[in-house]
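Structures given as structure tokens follow.
In the two complexes below, subunit A is the common chain; its partner is subunit B in one and subunit C in the other.
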Partner chain A sequence: MATIEVIKERSMILQKEMIEGLFNDLEKAHETGKKVCYTFVPGNLSELIRCFDMLPVYPEINALQSAMRKKSAAYIKEAERHAHSEDVCTYVKCDVGMLMKGNIGPTGQKLPPPDILLLSYTGCFTFMKWFETLKREYPNAKVVMIHTPYQEGGKMTPEMVNYMVKQMHEEVIPKMEEVSGIKYDENKLKKILQYSKEAEDWITKIFETPKHRPSPIDAYFAGVYYIGPINIGFRGTPEAVEYYKELYNEIQERIRLGLGPVTPEGEMKEEKFRLVVEGPPNWTSFREFWKIFYDMGAVIVASSYTKVGGVYDLGWRHDPEKPLQSLAEYCMNCYTNLNIPQRIDLLTKCIKEYGADGYVTNSIKSCNSFSAGQLAMMREIEDKLEIPVGFIESDLVDPRYFSYSNIKNRLESYFQMLSQRKMMEAEETH
Partner chain B sequence: MRNINNIISRCEELAFDLDFTRAKEWKNEDKSRVIVGYMPIYFPREIIHAAGGLPVAIFGGGDRKQIIKGDAYYQSYICHIPRSIIDMALDKHFDNFDGFIFPSICDVLRNLSGIFRTKGFGKFVKYMDFPQNFLPEVGGVFYQDEMRHVLHYIKEINGIKVTPERLNHSIGLYNKNRRLIEFIYDIREKYPWRLSMKDWYHILRAGTVIPVEEHNEILEEVAEYVKGDVGQRQDKVKVVLSGAFCEQPSVGLIRSVEDAGCYIVDDDLQLGSRMVIGDIDATSEEPLAAIAHAYIFQSRYSSSIYDVDNPKEYRLAKIVEERNADGVIFASASFCDPSLLDAPIFQNAFDRMGIRYIAFQFSENINQFKVIKEQVGAFSDSIKLWEDEPSSIPVAE
Partner chain C sequence: MKKYYLGIDLGSTTSKAVIVNEADEIVGRGITNTRANYKVAADIAREQAIYDARFNLIEKRMNESMANKPEFKTYMKDLRSVFQYCQFRRRMDSLADMLIKTASESTHPEKETIVERLKTIIGIIRPQMRHEFIHEGLGSKNQFFRDIVSEKYNAEVGKMEPKFYEPLMLAFDKSITPIENEMVEYNFKELVLEAMEILDEKYKGLVDMQEDDSKEDWYYAEMNAVKNGYKNIDHTLRSHIEDIANEEIYIAKMVGTGYGRALLPFPEDCIKSEILCHAFGAHAVFPNTRTVLDIGGQDTKAIQVDKYGLVTSFHMNDRCAAGCGRYLGYIADEFGLSLNELGPEANKAKKETTICSTCTVFAGAEIKELLHNGEQKPDILAGLHKSIVQRAMSLIARSGGVKNEFTFTGGVARNEAVLKYVKQMVIDSYGEVTMNIHTDSIFMGALGGAMFARRNISADLPQGTLVRETGGAVN
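Coming up: the complex of A and B.
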């Protein structure tokens, strides 16, 4: 993940070291003989990958990093030249384009091809199509799919858990053993899961800090950096625990000093609006996008996007005593695997508990998993909570769908509305 | 035997009766009867039948319903069918439906199931997660659990306990239905002029909104009819139409393809009615296991089924070969993820294999096809021009 450059706290340095270390290991994978596993963030089985000493590659992360480095447009164009539609998820096209142009990863280092394609099919139908495409590009890679049932009824049933655990026993573990040459060691997995649990405790505490006023962090724009380590393979490591502990302490210090969030232009001085945001951010103009918010004194106190790699707010944790079962539950419990009523409930809870003044949807053209249903959710939340709602549209990594002026105009009118409402409320209480 | 024209016009009426009059009439005949609406693509209708229900396919409003409220639910970059389904629900077209099933084909329909839940439509809403694991003892067992959920919901409404006998009886009826459908496809492959695709489409689609017994009778009559030397051969090429398995193109578009010089000899328009190839065992003591087994081992290729060990491009190529088709028309609903994400896989493979194809997108509510007609016309002309050069079609990797 990229790092915020203005003030380098110790936590940022730790994060940078972790990520650089991973990409260096990936570059040397061929020499060291380490096996490489391509997989996705939602429902990622990082603990299992680690248990077999493999190195993970996350195609979505490469895509978003390419966008932040302004490389995605060319990659997308390349994919579209090869029959990829203009109207599908741009992560897929960015990844395919990157592959066609030599598979140079975000750090400028060449990424090794996968030894295994581990499709954790969680919360997004496109993942399946994406891996069907990759499978054809890497005919020598072993392919393993773990199908995560959707929480259609708003809960995880024993049948769903059994189905997933059976898949691990029958398909995932044997194939990982075969590729890595390492036997599955449950005790090793348990130890890894203990670190996961600790990291999850810390990140939950971190994302609770915006309940303070002013919020010491931006839980969306900075939040996407915070979720980096836990989402891209470090979840079951002491390094991640140390990183999150450090980050938590730094945030506590900000709270003690009464400071607001750090932005790319320094500290946000006055917190005018507290928002909950639904939907992923735009990556091609990430800084400009963020700036529109912090220039207006708007801080995001909670976001659904930071829950794509796992929902920990409601108390769920990996459990070393039930290793495979908890991996199964983890997969099912990622945000996009929740049904629409669950998502509404979760967002409602955030709005209430974090004292939000508004609810904003960033609707992403690429992503039906998030976007289909967002308007209905917004209407439901508006009716239920009588909270002002805002709606903007953009895309993840395709710069053609980020219209700065449109988004800015919309947000400015929205903030104006919020201001007026605040004034009216203030008058009423006097 | 009834006059074929009467049968066809009755089927047209049924297929596009957005009030589902026949289904509702059927339900009113007996208090224990239920109607269960299901979205594309496939659902094992046998189990609803066995539970005293009528499975009714919901394909949206097509070009026959003006969308008033649905657009407020969906962004412009999402396909059309969910907005027309929501519009129909809000306009009470589904009144008297007891439940709704959303098969796992894409995130749009998946999330629509949540909107149905939020709105409280029907007595139950079930997102039906089809297994993507194809081991009978893993994915097959999970699939059986999913079917049991549906049966449980229906039992809560009408109290009917489904026995193996009931299920086997229903399986038998749907086996017959599929056999008749395939029989007519086989005849149309050789003599496509005997029954136009437009008429065949109406007949097939009518079967998704009426009791299977009635549809079987219709199919028997149609099968008799197409056995005869009827219609007149025209100078058209044979094509397979692929990619329009959910949101349906308007009938005008199907007709335009035919008018532009193509006989459609196979297609996935009504894939749900043909998903299982061949019979499902109708004698099993565990009929749910038999249905699951058939889904795992006898399914057609589909954009909604992970094709890890059975690549779809070779399966479609095989259909092209078996149907003696000259090419493929890829028709995807605009913004349809599963169809559009599969497009490069098919098209890059067909470029290698030398299978001719064209691709276009449609929307259910659009009925202007000038450009598509020209494109298809040019395609069929080009095939006729090159007809002496057969393309080789490898059917295995």
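Coming up: the complex of A and C.
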């Protein structure tokens, strides 16, 4: 057992080192002369940012990490004091509040101002307004916006790809060259993309492991840690490939030993329910939220949220041979850019392939991208698969919108409902 | 030995208990207001259910010998009412002592006068209560001790000098809580005999009673029948009392549910979600139920069930309790009406005033504004009732809509205006569906709990909690 813990720690140590390294680099960006690019996770062009030797900052990651460190309430209050309405996305208010309070990032280190604001995913309208706000705060930053067509027709057409590549040639690349002072080097990008592809292969394998019983991992609550490196700028690095390879091996060892997922209170003993969850988690009470699930023996075998930075389940990968085209496809292929039937198909596939007993939606007050269509999706999945569905409401980073007792009450009822269902099914089979 | 199963639904406003037998038939039900001490609320509800079970047993036995005698029915109704009075009288005694004690210990410069005023008030409300229970069937109106006594107390305080208003109200607030949270044990047999003595006085007195124009003829016809036949009933009843009082109502298993379920002193596996219990109870009473709407004190639930009564999906109000029972209570206060009067008053409306506010607190301000603008009380009330049903309908839509048959449960289902709008809106949105509403709608959660207790809870009874040391037997 001791060996496993050491192995388990290695992937965690790797991740910690990577993140610490990034924040250290950001803190020293001014001294080292590195240019800083603020961008968002969905449809992020991390490879391109890396190609121009820039350092990425992801405002929504800072917001969620601030929330996990119980700092978001004060930041949101600060933003509201500056006339941001109660209804504004709480990621935005947390970020704006953090900026107003000195831009000290979640690690306690000061974040550098952006040299460039790169908006590469327009499916979330709030992102645009968010950067408009940041533009006012950082008048010297260059703004680059690339329009990402929504997959309204349920597919990415060559026209859509060409449209995006054209924007990259005409808008994104010239401005990034201008800000970084570095010429666009396609060969360099191809090398980076090769690493991206490898990391994507590994993470796909990792998120397939919950098909085992018991599931060796929780694909939502632990999953959000696993997607960290690939979503925050390390996709396209050998470090990320190493991290995912290591993680995969650790999980394989858990499977070999028949172990269930690791929770903050140790290993989950009995897997009673296997769930698919749609929607982001709540970050302010992340541990309490997770605990409600593992206390009931519920493991999340698949989640839509872990696909927010890229959907790899259906075989799509970055392709070094088609660098800009594949970047375009990547932007259009993030989860919230899929149309509602595509999302239903993807979730249906997960429910079936991962043998889920139930489907739970965590509806987020702040998030239009996720919330739109959630109820319709739930109804259709319920009708199609005759699977028990549950619906809870919370928020991303505003602690005022996480009602522990309400959520616990709903989930308790839901789990009792699942138990009943299982009991009935068992009786029918006998 | 016969086995019984208990379900307790600890709601935010009322606590309900239902006892079922091995055939899932309801043998007794009890209700009380939820109070700070949940255990006391649950205990009282259970006690009431057990008394009810004993009365039902008595009635069942006597039915054999007294079938087709209308006077028997009237007598038993009176007996139940007076039986409740006997319980309330004991609580009233404790409250009176507590009121005097609280006032005497206060630092008010005129505390002696306040004590005198209190004695006057107590001297008025005690006989009032007695009279209403004995002669006006107050016991059958489902009112709780706190409601009855505070209504009468407030009325009397209103007649006193204004300067004593605050100290008198303060004395009441300080006294009622400890009294309400105290568990008082009663002996069923003793209380029934006491109630029979009181009824004896009542019926003897009927001979000399002057006819009163305000009462209908049937009242006197019924009373005369009871007057002539009550000795016979009294005699038969006494022969059964001993037996029934000693009959063991053995609670073999129980399940706690409702908003306060986690606070019930039950083991974890004796606690069930109220969503499952309400659905199960509603489905038991109406087996074709597929959609259940339950509006309780603090929450509204829209539940979809399958043919077995098992929940397939549900939705609850999350951020706001406007539209639930408490909202109606607040509105009733705003209009100076009792909760029971709200629905009938709303149904007098000629039109429905549009109410914009979905917030309970803002609705209060909006009502004042509307009254000021000359809107009629029934019209405003109709608008309010309509708006809360609209909220419930949105929840139903989110849960998957209305499927045939539709059952409406919870305390709010007793409100006739709510009922009217629910019917109207369900038909408008979902067409003709069978709509089930039961007079016992408030007990559905407790019934579901009791039925779950009979089915799949295998845990032993908790030691030293709700069930007495007599090994499961109560009273």
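One rule holds for everything that comes next: the second predicted complex is superposed on the first by the 421 of 430 C-alpha atoms of A that agree within 3 Å, B and C clash if a C-alpha of one lies under 4 Å from a C-alpha of the other, contacts with A are read in each partner's own complex, and residues count from 1 in each chain.
As a working rule, a contact is a pair of C-beta atoms (placed from the backbone, for glycine too) under 8 Å apart; a residue touches a chain by one contact, two chains touch by 3 or more.
Keep in mind that this is a model prediction, so the values were computed, not measured.
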Partner chain(s) touched by A:416 [first = subunit B, second = subunit C, both, neither]: second
Partner chain in contact with A:194 - subunit B first, subunit C second, else both or neither: neither
Which of subunit B and subunit C A:325 touches, first, second, both or neither: neither
Partner chain in contact with A:389 - subunit B first, subunit C second, else both or neither: second
A:103 touches, of subunit B and subunit C: first, second, both or neither? neither
Touching partner for A:375 - first (subunit B), second (subunit C), both, neither: both
Contacts of A:150 with subunit B and subunit C, given as first, second, both or neither: first
Touching partner for A:163 - first (subunit B), second (subunit C), both, neither: first
First, second, both or neither for A:249, with subunit B first and subunit C second: neither
When both partners are placed on the shared chain, which of subunit B and subunit C touches more of subunit A: B
Subunit A residues contacted in one complex by subunit B, in the other by subunit C: 375, 393
Touch list for subunit A against partner subunit B, complex: 79, 82-85, 87-89, 92, 119, 121, 124-126, 128-130, 132-133, 135-136, 143, 145-147, 149-150, 152, 159-160, 162-163, 166-167, 170-171, 339-341, 343-344, 363, 365, 368-369, 371-376, 380, 393
Subunit A partner contacts - residues on subunit C that touch it in the complex: 259, 272-276, 308, 310-316, 318-319, 398, 400, 456
In the complex, subunit A residues that touch subunit C: 375, 379, 382, 388-393, 403, 406, 409-410, 412-413, 416-417, 420-421, 423-424
Subunit A contact footprint on subunit B (complex, rising order): 72-75, 77-78, 82, 104-108, 110-115, 117-118, 126-127, 129, 131-133, 135, 137-139, 141-142, 145, 303, 306-308, 311, 332, 334-335, 337-338, 340-345, 347-348
